[in-house]
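Chain lettering (A, B, C, D and E) follows the sequence in which the chains are written, and residue indices restart at 1 in each chain.
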Amino acid sequence: GSKNQGDQTAPSTSPEVSAEVTSQPEQTADEAFNVTITDSTGTEITLTKKPERIVSLAPSTTEILCALGLEDKMVGRTKYCNYPESITALPEVGGTSNPNVEAIVDLNPDLVVGATHVSEEVIGKLREVGINVAFLNEQENFEGTYSAIEKVGMLTGTDEKAAEVVAEMKQKVADLEIALQGLNLTELPKVYYATGFGESDYGAGGDTFIGEIIHLAGATNIAQEISGWSISKEQIADGDPDIIIVPSGVNMAADMATTDFYKDLRAVKEGKVYEIDGDSISRQGPRVADALVEMAQKIHPELAK
Amino acid sequence: MKHKKALIGNISYLYFLLTLCLILFACISVIIGVADITVGDIINIIGAKLKLVPLSESISKGQETIVWNLRIPRILMALLTGINLAITGAVYQSLFRNDMADPYMLGVSSGASLGAAMGFILGGFLPVWAFVGAMLANGLVISLSGIKGKVSPIRLLLSGLAINYFFSALLSYIRIQSEDKQLAVFVWGMGSLNAASYKRVGILLAITVPILCLFFVYRKELNLLLMGEEAAKAMGVDVSKVRKRLLVASSILIATNVAFTGTIGFVGLIIPHMVRLLFGSNYKRTLPLCGFFGMYFVLFCDDLARAVSSKGEVPLGIVTALFGAPYFMYLIYKERRRES
Amino acid sequence: MKHKKALIGNISYLYFLLTLCLILFACISVIIGVADITVGDIINIIGAKLKLVPLSESISKGQETIVWNLRIPRILMALLTGINLAITGAVYQSLFRNDMADPYMLGVSSGASLGAAMGFILGGFLPVWAFVGAMLANGLVISLSGIKGKVSPIRLLLSGLAINYFFSALLSYIRIQSEDKQLAVFVWGMGSLNAASYKRVGILLAITVPILCLFFVYRKELNLLLMGEEAAKAMGVDVSKVRKRLLVASSILIATNVAFTGTIGFVGLIIPHMVRLLFGSNYKRTLPLCGFFGMYFVLFCDDLARAVSSKGEVPLGIVTALFGAPYFMYLIYKERRRES
Amino acid sequence: MICIRNLSYEKSHKTILNSISFQFEEGKTYGIIGPNGAGKSTLLKHMMNLIVPPKNTIFYEDKDIRNFHVKDYAKKVSFVFQENTRQVDFSVYEMLLMGKYTEMDLWGNLSKEVEEEVVELLKELQILHLKDQPINTLSGGEAQKVFIGRALLQNTPLLLLDEPTSMLDMHNSIELMHCIERLKAKRHLTIVMVLHDLNLALQSCQELLLMEEGKIIMSGTPQEMVQGIELQRVYHQKLHLIEEAGQSYIVPRLF
Amino acid sequence: MICIRNLSYEKSHKTILNSISFQFEEGKTYGIIGPNGAGKSTLLKHMMNLIVPPKNTIFYEDKDIRNFHVKDYAKKVSFVFQENTRQVDFSVYEMLLMGKYTEMDLWGNLSKEVEEEVVELLKELQILHLKDQPINTLSGGEAQKVFIGRALLQNTPLLLLDEPTSMLDMHNSIELMHCIERLKAKRHLTIVMVLHDLNLALQSCQELLLMEEGKIIMSGTPQEMVQGIELQRVYHQKLHLIEEAGQSYIVPRLF
């Protein structure tokens, strides 16, 4: 069942993280391992043994698990889990939204970790046949990312490592804040982050994670008013962005320069269309802090280094 | 008609044969899947579950689960879905006297999707939400088109279309407006038997049996309805009552099915056509035959889905269309050749 | 029929009035949008573009672009889309003698979506891909149902459904298999006039004008086709030829439109129904009236979409359904009340 | 048997039936004649409850026909339409079985004797050789006989026939009248039929109703009818009567 | 005018037309009679090219009718079906205009005189008062007249009528025959009609064709027809002939 209200990503709803640690794991000895957490579906997951066979159902959780040094405990992944590269040696269980239940069961996992895209049905079915599934659909912001990392840490008995990773991320954000302190707040550059263009335009709205990253990187999002991703050409023209940022790897920057309407935009004419690693910015994993830094460097090459 | 009758020969003999083959087919289907489990192990597992033999030691807990809790309920669900969709499609095609009628036409699928999405946002057991959404959409269509007075087929068809458009648009709107990525990718639409379980099979069965019985009871009325409303009345059919009963019953049936499996297109449209093409219009024959062919078809498609699924689950709705459509086109093509 | 005739009075007077109002409506529509531009500025921009007045200094380049390159082509596109969809819908409803016929029924929309997705993966100008996909799907339907021999409406309908299912399934399959973020977000299905430009308006116009003329020429044949194939033949209509010509022409028209705007549902289905409900079946009247109502409806919906778009662009297909469906349901409901 | 009291019917501000009153007696054969558009079919549809009459206007054995359940009424009255849909691929045999709807059990099964009864009727109507032919391939007259047969199989005490002979050849028309006569003798049938063929009407009906513009303007025995002047007035036609063997024949005279 | 040479037609292994040969002469009125299922409608549909005949079997003025363009053929031959679809809401006037399809210009416009012609015809058929009524509300006979009117408006030299009087009352049947007679005199029409009413056939046709089981088993003048024994054999019926004023009348005798 789905009871993930409130703790979802919507900033308008309760910002509290619903996952509460109800009992601290004892880290002294493996045999005394006992941890219970409440995941995003409101389900209590109790592990009495350190998980040894983990299946990850999302690229973001895979990255988290690997960052926590658990790569050798993973036995399955989705076909989109491509970072770190060594992980691609693991067997696939399908895509993110509709992985193959039988393939997962066949791997005999003692923990399945999933995020955002996994279908309710798959989670329900796995739980029905007695497999522990932690579904981490955290708020789509830095807080949510930290909490996801911490929860994975708790479940796998790697709290310390998790705390380390989170601290490192926080440090990067804080460093950036300091670097950007000198900005004139009334004259921040206007930025548009485009994920799709042409027939329909898709860009990061004010309430998306990428919207937050733009804000933290010291820029004004021209799609600040928009909720979600759908935007009209009139809004882009009206917003008149100084800088356009696009995910790398799909040749968007080059295409924009040759497409009607876009090629007449000031940012495009001035050559201020920058690419950013699409994976790290869109996955709620340890790499978002790097993405933020990268974004800031693109926007303020003179300040952030 | 003569040669069609010859073709089916003794009809109860045919039904017997079809049942036999179906059981065989279902048994074979248990073997299919990504996990590597030998036939012997499967037999052992089933035997053990039925308390006939002890479970062999070499069989892991996972394998046991796969056979008993994943594959078998899934096959049962496929059979139920097949019979429900095909028979309801056939019923609708007579009720509306329109060849394009299909079980989802009265808003069930869009209602279920919207309901599921609402459940997603507000929390709760999704199938219940989907069921409520489906019944709501359906009820709206039926009541607006006049359940109280005469139920006019064409009005039902059109309101069904309108409600379908409306609910789908509402769903799209909610999706677009929601910044929630999860909702954005949340797809109830493409049906899948992934979540089949004995509980669901049980519930669906409990609803299927009485409603299919009702349909079978009304076979004679369905035939008469093909003659037109006035003629049916003159022969003693209480047209409005029959329409209403069948509509309400089929709504419940399809809403339940959709709630458990999502929308599986094509089956309810194409199987009745195929059967009529091959065996004529008489519902006395076509209704059971639709049931059989529906079960065969959905089971076959799900087997395919499971056989190719090592790279991830392919929704059943996709398989039914990818394999059903070309065959259907071929039938149409052949029919054309034969005619000219 | 008597009162219906009275209702429309002098028909050419009505057309004149409708045209006048439409022009007025289109002008008012230029004012609508998220960007804050005064009416004075708009008039100034248009005047300057038509080289009537010098452009005021206070007007930014962006405002100029918004009025001249975004809003005006978008309004023109809305008008063209409205007239094309509504009239093609009306034509199909006569060609197939089926009330559920709509312009996308022969596979155009699923073909276009698949084509666009292919273009997305392989690179290239999407509208061209979409057009090719649409024509391919449509061509497949028409040729398999027998363009050479007799074209049978029911066969066309059914192959159209099958191809639609097939192509949609293929698209879903590709999406699932790739789950490329871009492709997943990429929704060709929900139409939008976002990408309107003078070039596109020009191309679409160049295709629309001759094909609508053809439809107008064939109004008399469309009427006769309603009497049934044999009767039409006995009165001198070369049924196969007419069907083929209209099919090919409408395919090209709708494929082009879909390529530029995506699928905008509901319009082509509902406008013809509404017009027939109000003004009867004679295509001499209904075809132009469908054109007018289609234009009004799509323009109105797009205005709405643009008016509420400050929180994000709402695809036109969603607006047409959200506003059209309840009104249509109301019409059906009223019709029912009147009847009983 | 069936009694009509002051029945009127309007549609689109046009009076189609104008205060019709008539009492149909059990066991008689009635013929309704009258020019095209007189309202004959409309009257029959009212009597069949297909156009629901106003309250207290039509009674079947003293019970308002509105109060009958559809199925019960179909056990009392059967109806052959003037125009019938036959765009279905049911065989003649399957079509005829439909007439037995009211006698079917829940699952649509019929008693063993029904098959014999149907074959008997097929023979009587001389369409036994068409038993398994789909009705959408029949000729107009053959189909007409199937529809009549279906109504006959309903085994109702009252039979309403709207132009049953319109597509039948001479032999089949006469045979049909014989068939009806036989059934009547056997089952004490009451028959109301609309006929345009006046000679058939004169010979096969015991009482004729002449309708014009929604009214029954005259009723009486065939003899009374041919002797009155109403018939000539209604048809705007001088009738040529030929008497032979005590029977009057109306012959059309074109020139 | 139209010449049929050895035309046969089979369907579902049943011979429906069996090597039919006949030459229809210009300016005459032909009646086709015969029992139900004899193949009359099938023959007419072949002559109208609706069932495409085999090569070199039917010729219109020495040209194989298969080689005519549909529109050109509709200028030569018009056809009234035995059964007509009328589930549309066209008005009677709109329906009649459809008959003028071959004369319409590209945009569907007609010359000014057509309106008068249509009104003239409406008067002649006595349905002027129904001019604006939708045809799905007409009575059977009224609709029949509209369909006949539509065919007449095609102004073709050859007119094929399949049971045109089947739903008409006596007066309208006779009026229709008069109307056809007048048109014939005016336009040198050739008419082929299927009739079940033998008296009408005898009086209004110059030559009769008797069909049975897909064959034309006899053809000749009405006098020859009534005197031959074929008629009685085909109809399995003793015919009662009454002679009056030099004209033979066939009267059905039921009992």
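Here is the rule we use: a contact is a pair of C-beta atoms (placed from the backbone, for glycine too) under 8 Å apart; a residue touches a chain by one contact, two chains touch by 3 or more.
Being a predicted model, the structure only gives us computed values, none of them experimental.
K.L.:
Using the touch definition from the top, what's the fewest steps needed to get from chain A to chain D?
P.N.:
2
K.L.:
Hop across touching chains from chain B and tell me the fewest hops that reach chain D.
P.N.:
Graph distance in the chain contact network comes out at 1.
K.L.:
Between chain pairs C-E and A-B, which one is joined by a greater number of C-beta pairs in contact?
P.N.:
Higher C-beta contact count between the two pairs: A-B.
K.L.:
Are the interface residues of chain D and chain E largely the same numbers on each copy, more than half shared, or largely different?
P.N.:
same
K.L.:
State the superposition rotation angle between the two copies chain B and chain C, fitting on C-alpha atoms only and giving a multiple of 5 degrees from 0 to 180.
P.N.:
An angle of 180 degrees brings one copy onto the other.
K.L.:
Find the geometric centre of each of chain B and chain C from their Cα atoms only, then give the gap between the two centres in Å, rounded to an integer.
P.N.:
Chain B and chain C have C-alpha centres separated by 33 Å.
K.L.:
Using mean CA coordinates as chain centres, what's the chain B-chain E distance in Å?
P.N.:
So the centroids are 51 Å from each other.
K.L.:
Between chain A and chain E, what's the gap in Å when you average each chain's C-alpha atoms?
P.N.:
That pair's centroid distance is 80 Å.
K.L.:
Go ahead and note the Å separation of the Cα centroids belonging to chain D and chain E.
P.N.:
27
K.L.:
What parts of chain B, by residue number, touch at least two of the other chains?
P.N.:
In chain B, the residues touching two or more other chains are 176-177, 185, 311-312, 315.
K.L.:
Find every residue in chain A that makes contact with two or more other chains and list them.
P.N.:
Within chain A, residues 79, 95, 97-98, 205, 227-230 contact more than one other chain.
K.L.:
Per the touch rule above, enumerate the chain pairs that touch, sorted by label.
P.N.:
Listed by label, chains in contact pair as A-B, A-C, B-C, B-D, C-E, D-E.
K.L.:
Quick check: in the complex, which residue numbers of chain C touch chain B?
P.N.:
For this pair, the touching residues of chain C are 98-100, 144-146, 149-150, 152, 154-155, 157-159, 161-163, 165-166, 168-170, 172-173, 176-177, 184, 190, 265-266, 269-270, 273, 311-312, 314-315, 317-322, 324-326, 328-329, 332-333, 335-336, 340.
K.L.:
Which of the residues in chain B end up touching chain A in this complex?
P.N.:
33-36, 60-63, 65-66, 69-71, 119-126, 176-182, 184-187, 192, 194-195, 197, 306, 309-313, 315
K.L.:
Residues of chain C touching chain E in their complex?
P.N.:
That would be residues 1-2, 5, 216-217, 219-220, 223-224, 226-228, 230-231, 233-239, 280-282, 284 of chain C.
K.L.:
Okay, in this complex, where on chain E does chain C touch?
P.N.:
My answer: residues 48-50, 69-71, 73-75, 78-79, 81, 84-85, 88-91, 94, 98-99, 101-102, 104, 106-108, 132-134, 150-151, 154.
K.L.:
Spell out the part of chain D that touches chain E in their complex, as residue ranges.
P.N.:
Contact set of chain D toward chain E: 11-12, 33-37, 41, 82-83, 137-142, 144-145, 163, 166-174, 177-178, 196-200, 203-204, 235-237, 240, 242, 244, 247, 249-255.
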